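Alright, structures below, take your time with them.
Across the two complexes that follow, subunit A remains constant while its partner is subunit B and subsequently subunit C.
Presenting the complex of A and B:
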């Protein structure tokens, strides 16, 4: 199933949730919609599911107009952040729900339903919980049941809204890996929404970065990490240092200090310089583009995170390997291994 | 624990025990004669029958009101929400007088209804109307918090799984609200059975037709037939208790299917 979204606009009062979104999702893809809260990613997902309606724009599945159908007819599996399980039903009945509410003509007989539910519970590895109620399950188990329930109707598309958002860090990591392998197994076109960049980069084949109702970049996880298309994407993905700089006459200045960095192809004017925290190499004073005094050092496993007051006045945080111990009060030179400059 | 029990005893159990003791002054035969008299039986039938019918109406209408109050945002919602409590707060006699004035043959609603040949005030229908009026807040206030707690997402989930609106209501919403609905029904019923003030104004109080059991008790008391009064009271007490107990069991059974979160 391919999904095509064209020029989607949705407004809530004076808030523009979607501001002209175009997106194409290929068959069998596992796509992540990544963005901060309020970026419109959940609204986009809900419109694709038929739980919300756009003010204007088009949504089509395999070329046919999806907006002509309600959520019920679209045959889309939807997984909610807070599971939305039916708490008065057992796990078994929750999963069976979609099969039991089918129109009489296409409804399967009881043994077929039972076999199908069993199969799905096996797929999510929770067949031993069939007779429990949702309240007796852990968060991770509930979300897997919610997924099994969504898959019961053999959806053409699977949509997941912050599926791991309510879970603790360890369970999230497990479920991420599990979701990716599940997707390889069932191979249904899937879109999931997340504000967690690590989740998006780890699970998805393709990542759509959104901000303020617009798509900032679409690309593979490597693309959006290695070559961010906009300042927003660079700032949002990976831990970045952001410095306001001036480009003028072939020179980049931070405050009034010229930086010894290449300026090929840059537009003159106020710009933003982005460097990943771990791309700032530490050297002796005078060895790099920047110089600064170490204020404070914390150790995080393999790296030390140092707060450095640059001589231009800005204070930045860098991640340096532990081979050379930094101490508060040291004066160091900093050389960006890789950096990007965006106008504006 | 001791305090709770003592308090419960003083407030509820001792008066009830007194009631039973008083009725023991009657021989079983006398007791039976009082109860099987036509007037007593009719009064009990009017009280319990109409109270049950009113509670059922309240269950349906109350659920609709709750739905609107919880799920929709409309101008004046808070005002309507407050108005629901009026039957709680209004002195019952005031409610009775107001309803009587409204439904009397010259009243705003009574006149058009009379033109259609429907007489409300001073008939059993009047009792029914009064019982609906005083029972509605019980259904609304017991169901409201439970519905507020019910995540609208489960309806969306049901819809995206292919359930029609009707299937969603029958299979998802009603079962989740079941225990609260039963409690509301029981409370509205209990209140309607015991209602006196508002009913006697509108009822007409015709023996055997529109005379409610509590009124009959008062009449017997004013005739100094205390034993008769307590006999009727005991029957009301027992029947009410049995019904409330049954609803309670039913509710517990329904709740056991939804373990606490």
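Presenting the complex of A and C:
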């Protein structure tokens, strides 16, 4: 199933949730919608599911107009952040729900339904919980049941809204890996929404980065990390150092200090320089583009994180390998191994 | 007196967690000397005995003062039977109507966003804040001989005032808030996600309502119906204004109690009053049971 979204606009009062979104999702893809809260990612997901309606724009599944159908007819599996399991039904009945509410003509007989539910509970490895109620399950178990319930109707598309957002860090990591392997097994076109970049980069084949109702970049996890298309993406994904610089006459200046960096193809004016924390190489004073005094050092496993006050007045955090110990009070030179400059 | 018992049945109390906190806090706050503690408890017990238990006992004592036979023959009087029947009919009508209206109102308020919502919630509480006598008078103004619809109703030979429809209307008005008020907080807390999940799984609107929404609020519905019923059977003021007190026809149980009492038929008056008192006791027990179920529901959704 391919999904195509064209020029989608949705406004809540004076708040523009979606501001002209275009997106194509290929068959069998596992796509992540990544962005801060209020970026419109959940609204986009809900419109695809039919739980919300756009003010204008088109949504089509395999070339067919999806907006002509309600959520009920779209045959889309939806997994909610807070599970939304039916609290008065057992796990078994929760999973069976989608099969039991089918119109009489297409409804399967009881033995078939039972076999199908059993199969799904096996798939999510929770068959032993069939007779429990949702309130008796842990968060991770509930979310897996919610997934089994969504898969019961053999959905054409699987949509997951912050599926791991309500879980603690350890369970979240396990479920991430599990979701990826499950997707390889069932191979249904899937979109999941997350504000957690690590989650998006680890699980998805392709990542859509959103901000303020617009798509900032679409690309593979490597693309969005290694070559961010906009200042927002660079700042949002990975840990970046952001410095306000001035490009003028072939020179980049930080404050009134010229930086020894290439400026090919840059537009003059106020710009933003982005460097990954671990791309700042430490050397002796005078050796790099920046100079600064180490304020404070903490050790994180293989790296040391140092707070450095640059001579231009800015304070930045860098991650340096521990082969050369830094101490508070050291004066060091810093040279960005890789950097990007965005106008504005 | 019995009517007051029914009237004082309160709306859902604060949630279970608050109560649990109160219990935990009590231990650390228990610093008063034992004498003061005993004195306070004694005051509460004496007050309750004098103002609640004693009147209740007296009702039954008076009802049986001439023996069991007199008690039952008083209840078997045609007038008494007519009042019991009328009370049951009126309660059934008003509880039925309020169940439907209450569900609809709670649904609208809890699941949709619209302007004027706060006003609607305030409006639902109106019958609680207006004296029942005024509520009754409103219907007299509307449907009475000199009222807005009076001449039209007379021309079409429709009797509302001094008949079952008027009594049912007044009772419905006075008891309207019970079901809605029991359901609104419950449905607001539960949100719309389960309904959305049901619809995305292919359920129709009706299937969603009967399989998902209703089971989730069933204890709240029963709770609201119980209180609504207790008040409907015990209502005096509004009904008194619209009933016309036609003996054997438009007297409900509370009205008949007053009439019999004024005619010095104490055994008969208290025999009927004892029925209302029993209704109140049964209501209290059922309310306690339902509140336990409601609390369990809250706990289950706490995670």
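What we mean here is this: the second predicted complex is superposed on the first by the 344 of 344 C-alpha atoms of A that agree within 3 Å, B and C clash if a C-alpha of one lies under 4 Å from a C-alpha of the other, contacts with A are read in each partner's own complex, and residues count from 1 in each chain.
Here is the rule we use: contacts are C-beta pairs under 8 Å (C-beta built on N, C-alpha and C of every residue); 3 or more make two chains touch, one makes a residue touch a chain.
Quantities reported herein were computed from a predicted structural model and do not represent experimental measurements.
Chemist: Sticking to the clash and touch definitions up top, decide whether subunit B and subunit C on subunit A clash or fit.
Modeler: They clash: once the shared chain is superposed, the two partners overlap in space.
Chemist: Scan A:101 for contacts with subunit B and subunit C and give back first, second, both or neither.
Modeler: A:101 sits against subunit B and subunit C alike.
Chemist: Looking at A:86 after the superposition, I want to know if it touches subunit B, subunit C, both of them or none. Which is it: first, second, both, neither?
Modeler: In the superposition, A:86 contacts both subunit B and subunit C.
Chemist: Between subunit B and subunit C, whom does A:139 touch in the aligned arrangement: first, second, both, or neither?
Modeler: It touches subunit C, and subunit B stays clear.
Chemist: Of all the subunit A residues, which ones make contact with subunit B and with subunit C?
Modeler: Residues 49-51, 70-72, 74-78, 80, 82, 84-89, 97-98, 101-102, 133, 135, 146, 149-150, 152-153, which sit in both footprints.
Chemist: Taking the complex as given, what residues does subunit A use to touch subunit B?
Modeler: 49-51, 70-72, 74-78, 80, 82, 84-89, 97-98, 100-102, 133, 135-136, 146, 149-150, 152-153
Chemist: Show which residues of subunit A lie in contact with subunit C when the two form their complex.
Modeler: 49-51, 70-72, 74-78, 80, 82, 84-89, 97-98, 101-102, 133-135, 139, 146, 149-150, 152-153
Chemist: Show which residues of subunit C lie in contact with subunit A when the two form their complex.
Modeler: Those in contact with subunit A are residues 193-194, 196-204, 207, 211-212, 215-216, 297, 299-301, 303.
Chemist: For a test of understanding, state which residues of subunit B touch subunit A in their complex under the given definition.
Modeler: Those residues of subunit B that touch subunit A are 151, 153-154, 156-164, 167, 171-172, 175-176, 178, 257-261.
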